[in-house]
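Two complexes, one shared chain (chain A), two partners (chain B, chain C).
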Partner chain A sequence: MSDIKSKLLLDLADSVVNMDEEQTVELAKNYIAHNLDPYEGINQGLALGMDRAGTLYEEEEYFIPELLMCSDAMYAGLDVLRPHLKQDNLEDNHKIVIGVVQGDTHDIGKNLVKIMLETTGFEVIDLGRDVPPLDFVNTAKEIKADIIALSTLMTTTMEGMQEVIRLLEGENLQNQIKVMIGGGPISKGFADKIGAYYAGDASKAAVLAQSLVKEV
Partner chain B sequence: MSATINKAAGNDLAVNKVTVHFPSEDLAIEVNEGTRLSECIRTAGLVSETPCNGLGLCGKCRVAARGDLFPPEELECRFINEPNIRLACQARVKGDVWIELLAKEKQLQTIDHGLEVEIELDSSVKQVLLPPLARTAQPYLESLSYSCDSPDLYRKMGKLELRGTLPSYGVIRDHLLIDLGSEPSEILGVAVDIGTTGLSAYLINLTSGETLLKKSCLNPQTEFGGDVLSRISYCQENPQGPDRLQEAILHKVNELVLELTATRERAERVYQIVIAGNTTMLHFVLGIYPASLARAPYRPIFLEQVNLNAKEIGMQINPAGLVVLLPSASGYVGADILAGLAATAFVKIDHPAVFLDIGTNGEIVANLGGRLLATSAAAGPALEGMNISCGCRAEEGAIDTFFIDDNYELKFTTISDAKPKGICGSGLIDITASLVKRKIVLASGRFNPKLDPRIEARIRDKKFYLTEEIYISQSDLRQIQLAKGAIAAGVSILLEETGLPLESLEEAVIAGAFGYHINPDSIREIGLLPKGFRGKITFVGNSSVEGARLALLNKNVLKEINELKRKLEVLELSTDPRFQDYFVKALGF
Partner chain C sequence: MKDRMTPLERAKAIARGEMADRLPCNPNVANGVARVYGCKISEFNSNARLIAAAQVASYRRFGYDGVRIFTDLFPWAEAMGAKINFPVDNTADLAAPALGDLSDINRLEAADPYKDGRLPVHIEAMKYLIEELGDEVPCAGGIVGPFTNAFFLLGIERMSKLFFTNPEVIHRACEVSLETCIRYAQAIIDVGLTPTISEPMSSCTIVGPRHFREFGEPYIKKLVHYITNQGNPVTMHICGKTEKIWEDIVAMGIAGFSVDNVVDLQKCKEQVGDRVKILGHVDPSAVMYAGTPADVRAAVIKCVQQAWDSPKGYVIMSGCSLPVETPFTNIEAMMETAREIGYPIDPEKLDKMLR
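Showing the complex of A and B:
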């Protein structure tokens, strides 16, 4: 790898961690101007920065506002790099269907997880909030998703998560489509009980999702 | 009126009990030997100003005290030079003591002495003089101008006829005769607030309007779940759940009524109970499983005022008595809030103001340019000291005030001056505010990596240690940010809805147990209200039970509460597209 390339990749990552949207755009333009591979720019520059931001979030050094500002910088950089991607880089992404379970409308947590998943290269289909269990399963089948990610803030709507798993089992899809869950009242114990994977926060969700698709 | 003796919390047999008298207030309380006067004043339900948070620095909490006190120490001596004058925050009781409050602000910690609402006594329940019994064949009760449809009263009349006594006094509710006797007697009512955590009840003389006694206790339903949602979940998992929750609460209300009235006979003189509470608690009073309330679109089963026959619902008061559940505005803006608005005459405030009731859900009502907007924010229990590493309820040993001086010395007080065991809500807010003020915590909520050497050693492993065992962690700070961010965002959205700028907001009325003993400066410092709020902060205490009391005393207040229900425009925050932006912006300190 050329010096200039590794320098630019590092700078891209740093500017994402530093929440500097303008600088990220400038660096991305500069990166393209040097005729460097946009795919690597995303994965080893922007995404790496977001990954570091995720770690800081996990360590509680960063909080929601910082994570969102990092993601603003990352998306701004993506907008510059993405148009230069070659077609074959676009297709083999793993897919995740995400949403807040039926009965719950609190979606900030879900939005953070979505950002971290997109950062790690997943194609994320966001069904929004108050989503019926069957919609998750149908969408996942339709787009051949690898993972369904479910979130809730309320104890009273947790059983919707189990319903999604029952529906998958009913169609014998539980091995093809993994279910990961998270949110305020969710614990690893609950996830184990219903046969789902548990993610404690947005950053851990991205790491978990990656390990789940590697298992496949 | 004779002095009432209230037992101080956390009785310990090993410690000597002494009695503290407040002759002017006609009050006496029992406390442990060694208790500070400021704590005695608080335990008695009285208020004395402590601008320096009880650190013995300002000398503003002077009181006159006679009796058996420990001699003043050096700190206190700087402020006292007259006989019998002591600093309430420093002086401790040794034996029986008599205290006179000196501060002008001397007041009960109830809002009827704060934001006073003048109301006329006009209860729907009244005692009336009955006409003499005529020697005719017409049934006496049918000869009256009141209606009467109760076989119980026929039985009572039968007994009077048998003894040849005259039914001289009747009790009416509106135009219905509900009791009669040959002698005048006490006509009582009970006002109740059913909070998710605690219950408060007042015994009221409906003839004089006087509040005779106040009692409070823990909501017995806490054993089925600490918050509203976990109790609904309990019903989800247990078919008997709603019945058990109903039984627990009705049993407790009966117990409170008996404690207030002292005897079963006197409890029979209670003709009306008015109950305020959040929407879910009122559902549980009726034994209703409010499943739909806990799922979007958060639909309650009922919101209207409900009148229940005391006998039917098993309230051990007069069998013809009425139990009134006050109306609610929405699933998460309940009767407690409407009652609080009535008690504080909130709609009559003529400048832009918000009313906040802070608990696991923070309810917010804004009175802005003639509109009444309300919402509820999912704050979580952090501000009450829950879900916090060293958090605890406001009980003995809880750190309740905190302050860091210019030399980075920590000063704090604990409830009952006991050995510190944890941090309660007010302490938590003081601690957070002090850390932010001293830049130990940055605006982002993160511990400052560059700290003054005098304080550096207190931070280990992202925890700020107040004592060897008690600390506040980075993740605790994050919980507080989430809670206050949700509330501040709610206030901002209500303001935006009416187009009024934040600067125009002149007052924040803070209701509920949360407000007590909290330093308003700390509330500003942590940004519980959106940054830029310059108005005044008013604490009104439990305005819910106060509203129930007023509704009991005057039927127009009951009407007013029903009008409030219709007038309030309720917004759902979680589906509001503006919420996330405001919330994220409000997370910082």
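Showing the complex of A and C:
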């Protein structure tokens, strides 16, 4: 890797971690001006920065506001790099339907998971928040999704997660469409109980999703 | 097993160091009281008698040690202009913050607890509650604290970013928010109940200690002082991780601190139990909602093992409000375990109970 490229990738990651949206945009433009591969810019620059931010969150150095600022910086950089991606660089064969379960309108966690999934190459269909269980299943069938990812911050919506799995089982689709769940009140115990896969946080969700599609 | 004391008799006896039948225990049933009483949660939005009747029915069924008028996190923000979703039979949620355009920040006004939104309904419910149960069980009025409420005025995501871009707006929102909280706290006190504060957004799971200390703590502290200066002890609940702000919370002068199940209960007792009563922290999701009565029993015993000897006292409680569909059998198991453990606590008996 050329010196300039590795330096720019590192700077991109740093500017995401430092929550500096303007600098991230400048660096991304500079990166493209050097004719460097936008795919690597995303994966080894922006996403790496987001990864490091995620680690800082786990270490309780960063918190939700810091992560949101990082993700703004990262999205700003993505907007610069994305138009330069060659279509065949996108691994669009794996699809995920994501959303916040009906009864909950908190979507910070869901948005972070979506970013992580997108930067690891998934095509993510975002149904937004307060989504009825049936909508997840119908959309997943329609677009032939590999995974349904459900997020919640509220204990009151956990029934809805179970309902999604019941609906899938009702159509005998539970082996084709895996369900991963996460969010504040969700535990591995609860996920095991309802037959879902548990993601402890956004970066773990991305790793889990990759392993789930490899299993298929 | 039957209780031999009312919750008030029990609380007084334990506070005096006298004999009691068991530790206080509060599963924190929340809107699940609608399942006990047999009504829709949305009926709580306008029917004060029903709110109180459902609380009474749930208390009579389970015999726990505290009742509270508190239906969701949003009545205060709603009373200040926020839009709320009201599902027919589930807990209300925020649809849109009170403030659309940030430049309108100076038009934001504190709510009137006797006029705005659902606040008068809740105050009225408190009157019925204390009439019915005031001589046997501690009755509380819940308040969402000024910092958390400010998130619902500004929008959760937007406020998170304003920490970095426009701190003045947050301070202004917290100030108006505090005024609403103070007026509501006074209304609670006037009816004869005790205010309790919920501050979920103060959690280190959401906001870092630096922002909490700059934007949250100064306003929450004023609310705590307002209440305690009138001779009322305040209990505060914060969801999620809190270890990094324990000292800040305790320094506010609260009497009770209700902790989430992600917290290390023993460590919490060791660090701040000499200054504050500790309440917690059976997992409301994995154990109370998704577990079996045997899981509940084991979880209660483990909590008691960790915190029964806390110098300022300990109350068995769930780590947060229970999910609406929590099985009654699990709530009963929590109460039964408290009765089985008895009082005073015998650590050897606790060990045996787990075997």
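Heads up, the rule we're going with is that the second predicted complex is superposed on the first by the 212 of 216 C-alpha atoms of A that agree within 3 Å, B and C clash if a C-alpha of one lies under 4 Å from a C-alpha of the other, contacts with A are read in each partner's own complex, and residues count from 1 in each chain.
Assume contacts are C-beta pairs under 8 Å (C-beta built on N, C-alpha and C of every residue); 3 or more make two chains touch, one makes a residue touch a chain.
Since we're looking at a predicted model, the values are computed, not measured.
Visitor: After lining up the shared chain so the two structures overlap, which partner does A:19 touch, if you call chain B first and chain C second: first, second, both or neither?
Guide: Touch partner of A:19: chain C, not chain B.
Visitor: Going by the contact rule set out at the top, does A:130 touch chain B (first), chain C (second), both, or neither?
Guide: After superposition on chain A, A:130 lies in contact with both partners, chain B and chain C.
Visitor: With the two complexes superposed on chain A, say which partner A:32 touches: chain B (first), chain C (second), both, or neither.
Guide: A:32 contacts neither chain B nor chain C.
Visitor: Looking at A:85 after the superposition, I want to know if it touches chain B, chain C, both of them or none. Which is it: first, second, both, neither?
Guide: neither
Visitor: For A:213, using the defined touch cut-off, is the partner it touches chain B, chain C, both, or neither? Pick first, second, both or neither.
Guide: Neither partner.
Visitor: Quick one: is A:63 in contact with chain B, with chain C, with both, or with neither? Answer first, second, both or neither.
Guide: both
Visitor: Go through the superposed model and pick first if A:10 touches only chain B, second if only chain C, both, or neither.
Guide: Neither partner.
Visitor: Which parts of chain A are in contact with chain B and also with chain C?
Guide: The overlap between the chain B and chain C interfaces on chain A comprises residues 60, 62-66, 68, 103-106, 108, 130, 154-156, 158-159, 184.
Visitor: Help me check something: in the complex, which residues belonging to chain C touch chain A?
Guide: 31, 85, 87, 90-91, 93-95, 156-157, 160-161, 163-164, 204-208, 211, 239-241, 244, 283-286, 289-291, 320-325
Visitor: Write out the stretch or stretches of chain A touching chain C in their complex.
Guide: Residues 19, 60, 62-66, 68-69, 72, 103-106, 108, 130, 154-156, 158-159, 184-187, 189-190, 193 of chain A touch chain C in their complex.
Visitor: For chain A, which residues are in contact with chain B within the complex?
Guide: Where chain A meets chain B, its residues are 60-66, 68, 102-108, 111, 129-130, 153-159, 184.
Visitor: So in the complex, the part of chain B that touches chain A is made up of which residues?
Guide: Spelled out, the residues of chain B in touch with chain A are 229-230, 232-233, 236, 291, 294-296, 378, 380, 444-446, 462, 474-475, 478, 481, 572, 574-575, 580, 583-585, 587-588.
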